[in-house]
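Note that the chains take the letters A, B, C and D in the order they are written out, and that residue 1 is the start of every chain.
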Amino acid sequence: MSTIVFDEKKPLDFVAIGRLCIDLNANEINRPMEDTVTFTKYVGGSPANICIGMARLGLAAGFIGKVADDQMGRFIVRYLERNGIDTAGVVTDRTGAVTGLAFTEIKSPADCSILMYRDNVADLKLHAAEVREDVIASAKLLLVSGTALAQSPSREAVFQALDYARRHGAVIAFDLDYRPYTWTSKEETAVYYNLAAEKCDIIFGTREEFDLMERFESNPDRSDEATASKWFDYKARIVVIKHGKEGSIAYAKDGASHRARSFPANVVKTFGAGDSYAAGFLYGLMRQWPIARSMEFGSAAAAIVVSSHSCSDAMPTAEQVSRYIDECNETNRS
Amino acid sequence: MSTIVFDEKKPLDFVAIGRLCIDLNANEINRPMEDTVTFTKYVGGSPANICIGMARLGLAAGFIGKVADDQMGRFIVRYLERNGIDTAGVVTDRTGAVTGLAFTEIKSPADCSILMYRDNVADLKLHAAEVREDVIASAKLLLVSGTALAQSPSREAVFQALDYARRHGAVIAFDLDYRPYTWTSKEETAVYYNLAAEKCDIIFGTREEFDLMERFESNPDRSDEATASKWFDYKARIVVIKHGKEGSIAYAKDGASHRARSFPANVVKTFGAGDSYAAGFLYGLMRQWPIARSMEFGSAAAAIVVSSHSCSDAMPTAEQVSRYIDECNETNRS
Amino acid sequence: MSTIVFDEKKPLDFVAIGRLCIDLNANEINRPMEDTVTFTKYVGGSPANICIGMARLGLAAGFIGKVADDQMGRFIVRYLERNGIDTAGVVTDRTGAVTGLAFTEIKSPADCSILMYRDNVADLKLHAAEVREDVIASAKLLLVSGTALAQSPSREAVFQALDYARRHGAVIAFDLDYRPYTWTSKEETAVYYNLAAEKCDIIFGTREEFDLMERFESNPDRSDEATASKWFDYKARIVVIKHGKEGSIAYAKDGASHRARSFPANVVKTFGAGDSYAAGFLYGLMRQWPIARSMEFGSAAAAIVVSSHSCSDAMPTAEQVSRYIDECNETNRS
Amino acid sequence: MSTIVFDEKKPLDFVAIGRLCIDLNANEINRPMEDTVTFTKYVGGSPANICIGMARLGLAAGFIGKVADDQMGRFIVRYLERNGIDTAGVVTDRTGAVTGLAFTEIKSPADCSILMYRDNVADLKLHAAEVREDVIASAKLLLVSGTALAQSPSREAVFQALDYARRHGAVIAFDLDYRPYTWTSKEETAVYYNLAAEKCDIIFGTREEFDLMERFESNPDRSDEATASKWFDYKARIVVIKHGKEGSIAYAKDGASHRARSFPANVVKTFGAGDSYAAGFLYGLMRQWPIARSMEFGSAAAAIVVSSHSCSDAMPTAEQVSRYIDECNETNRS
């Protein structure tokens, strides 16, 4: 079995590197943003959500990133700390950068969109020299978010973090999390995603994200197996490919593949589903659960988050997830 | 008397050029923004506020500007139109610019600040070729806001608008409205403020703003009279210099000067005071009132706006202002 | 007669502001640059050429500009000083800017072109605060070159120089010298050329350059008279419009117009013709010669420069120009 | 023995990717550039020089790069073609980029410097999508020059070329060729140099360049052996570390190390020494010579180039190098 072994001597279970931003969620939902009037502020950004998710699940989590020197930046750091997340690796920008914003629009549970503010954002100003090697050295698992590769100097910071993780034997998970803004071209994205993926143990992404990475290659049938197999030639041991409503499939280096079951949910919006799934799945792997059980745990966590108004703030505890799985199982049985 | 004559044959009383943005006002006030959770969305930007103020006072008003091609941009145009403002001169950006944002923080009525998002904003992308000569030709009064001079191509659009106004005999008012972000240096500001001010009939600003314009000159005593007199050598007929709590002073080309009285207010925040003052003052001038009465009307309008939560949305009608003046007078008398 | 009066008490006859660069003239001429192998280095840039021309004609000349902190920059300053030009107003860039380059290609006397290097050039980095008011205060005549308006901060430096010239009573000449590179758009050029031209006493340009300035106006017949007359409504007293081979025409505010005669030349290349013309013409005006005689002197100076390999280095002395006029007259008579 | 095997079925011996530029060498030498007047034009840029060197030595060589759409760009392509170099991989920029320039100053044989023009240069505008996979697939050996990593999109083009080389089994040589201009920071350089070096078979650089790459590591004694050994953990088989006048040392993966002997030369300037050395050394490896003999051949080629005025144009034929070695050996013997 291709279980991934984590170095139990390390004090920190998990550290994420990348985007820290603010979600401004419309309070009036099921209508276009032109008709909304008030917004509620949450901490956001995919790696931030996953990190908060991991902390809620009971793991010792930390973050490596950069925040603006303003009220939004201070709000973010405070929120992380209140969730028990180690912020020793979070530095404050001094160049006048701002905090990235995501205004969410929920026209219907199935029609959600985001209005992004990504110009001059602090999270993309993290320098390689600001990445704390000691923080990475102390962590069992490093999560890299693809958006952090979108611009210099954050791009270099990620590659430096990958190098530190290799040096110190941390397992590396790569959440592709492709967002077109801030990238110059799809070719640029493909080049850096591939350079990073070569160095990772666990890779998560949608079929479309893997297609993007195969821009200079030939995979005419968009075969998941061909995709996964390419990365097993490098360092990967698990490759998870998501197919939206059709669910996701996880390939392990030993040749096995696993499909996730999905859980019923009272969907408010789709945001945050991937982040809570990632948190739940990684949590399972760290507990040495089989892949299938880890995927189920991730799916249940996702079902809980899409049923509520926020992403970060709705991340469940391990007990909540387990209870939710039990409840669904009972419902099914009855 | 140096009354300013407006061309009564023109159908539009007033047109403003410059910033259109969104204010996000914290609903929880009297605390730092780190502790606020929800925000309410309003149309903002100094010239937008003045224009809305003029429309509320009953004048035929229009706007020349640029909005983002997104939900925020559409909200702004819709709000202007609902207030009866002509938006024929408002164009939509197609380059992916965003809407400027101003998050307000009200720690106390006397301690207010703004967190600005001004990177890649649509309002500064207005091109000279997009300024509608016909709209300016149809207007009695053009208001120019200094922030629109902060960057190209908006800077060129303003100079082109000034040229159209001169050609078609519109009276020109210049509200200095200096905001340090987006300007490269104080020298740059001084140069363009001076170039614009040379072409204006009415100039409003704080003592600090006029000091900035005199950066390359000698006015060691910071004399208001010297300042006003310089502009009377160009085209100016009224120069209003604001001294914060000490009130403001208006100089007329004929040599007269007038001090404004201030009105009692139940101050919630100080934002919007200058904009409502400008609207009230210009309204008075357009009704051919003496300068002193126009200033009083502006001060009363300002007192009303600082007593409420928003800027634009709180702009009073002429009747409300008159009633407020009457009430204050009665209170004084009693 | 609309003779322009210069303030004889001022010690400096002439000061130019703008571009200082390097010409690299192909030594092998009458062939494409792909076939040239060696280049000779000269000081170049239109205002530099005019300034060197004025110094050669015997006037006390100075320069306001910025050079790179490298061998090219030092070469330029040294060359100016060797020509007796006051370089107190020439500052050295400290930001790593380079010296603008112009590689000339002479395929035939009638087919000349220039390959320009204008990225990150020192001359466009002159700041308003670096313009020496005392140098302008000491000068009878300020020459502004349009290329210096192409970018910030040089653009602001020019407007500041114009303000100093007005304050101290210097006559201002504006050589439009439009070069498309470094400008963002023709609209941008039109706006700033017009703002500058409003403040000038003498304006030189080609018909095409004046067309560009009339981009937002109506002059359907491209009438020189309409063009000149517009500027007489501002401050201009002489407007010279050049029509290439058809010669140029000078309008004076008093209503008179004058056409220049052209001189026979053994043309090597066309570069430098306009600059030597400007130097000769302004020299005549400063000697209080009638416009027609000043134009003739400029034309003769131009004929001398186009007959040689360089621009700056070929600028003639007053004696050379006079002798050339005499020789041509004799030839004509015989 | 760790001889490197080249795929003999491939038609192209060698392909280089990176900088193509123009050297402008002062004709008047042994003086500062302020005192030079004429320049001679040559094709330049380190990988261009090496490629020309390889072609002169008799190998089938090609180039992957980008040139400006001007006379300089056309001169470069023509020169490469005249030297028998395949330019199928050389594309022409259409964005208005210029050709990089290097003005050389030779104050004395030991005191040489370069004045660089590297703003907006065509060579750094090569896109990943413009790299011809078929050209790399046809080549036995790919040479990557570090300067091509300095900026996007050229940086991505290099990584894409490295991926194509891996896919098609080309041997990869990496010439660090660090030039501080165009890089944002030393940290940025370290990150990308390391990412590229991991994928290379042969790495050349000075001790200072390897120090730069070890910025985030610990090699306090600056040990060449520690440096080489790090890269042998990746893909490297030969690491050459240059120590200026003290000569260079080559490490092979099998543990052997070799020091180069140097050849007497009548030094005109030091430029081009490294490039001719690289060409000679790689030529030897491709002929399956032992490392020591390849180094000697490189040293002799370098001695020939530093004795002449140009870099590219002075690259010797194999016969010239062999004859030079023989002559030196005879001199030594006598």
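Rule of thumb we're sticking to: a contact is a pair of C-beta atoms (placed from the backbone, for glycine too) under 8 Å apart; a residue touches a chain by one contact, two chains touch by 3 or more.
Treat the numbers as computed from the prediction; the structure is a model and nothing was measured.
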| item | value |
| --- | --- |
| Whole-Å separation of chain centres (CA-atom averages), subunit A against subunit D | 42 |
| Subunit A and subunit B: spacing of chain centres that average the CA atoms, whole Å | 45 |
| Geometric centre distance via CA averages, subunit C-subunit A, whole Å | 61 |
| In subunit A, residues with contacts to at least two other chains | none |
| Chain-level touch network, classified as line, ring, star, complete or other | ring |
| Touching pairs - complete list by chain label | A-B, A-D, B-C, C-D |
| Subunit A to subunit D touching residues, read off their complex | 127-129, 133, 152-153, 156, 159-160, 163, 184-185, 187-188, 190-192, 194-195, 216 |
| Residue numbers on subunit B that touch subunit A, as the complex places them | 24, 27, 32-34, 36-41, 70-72, 74-75, 78, 98, 101, 103, 105, 115, 117, 119-120 |
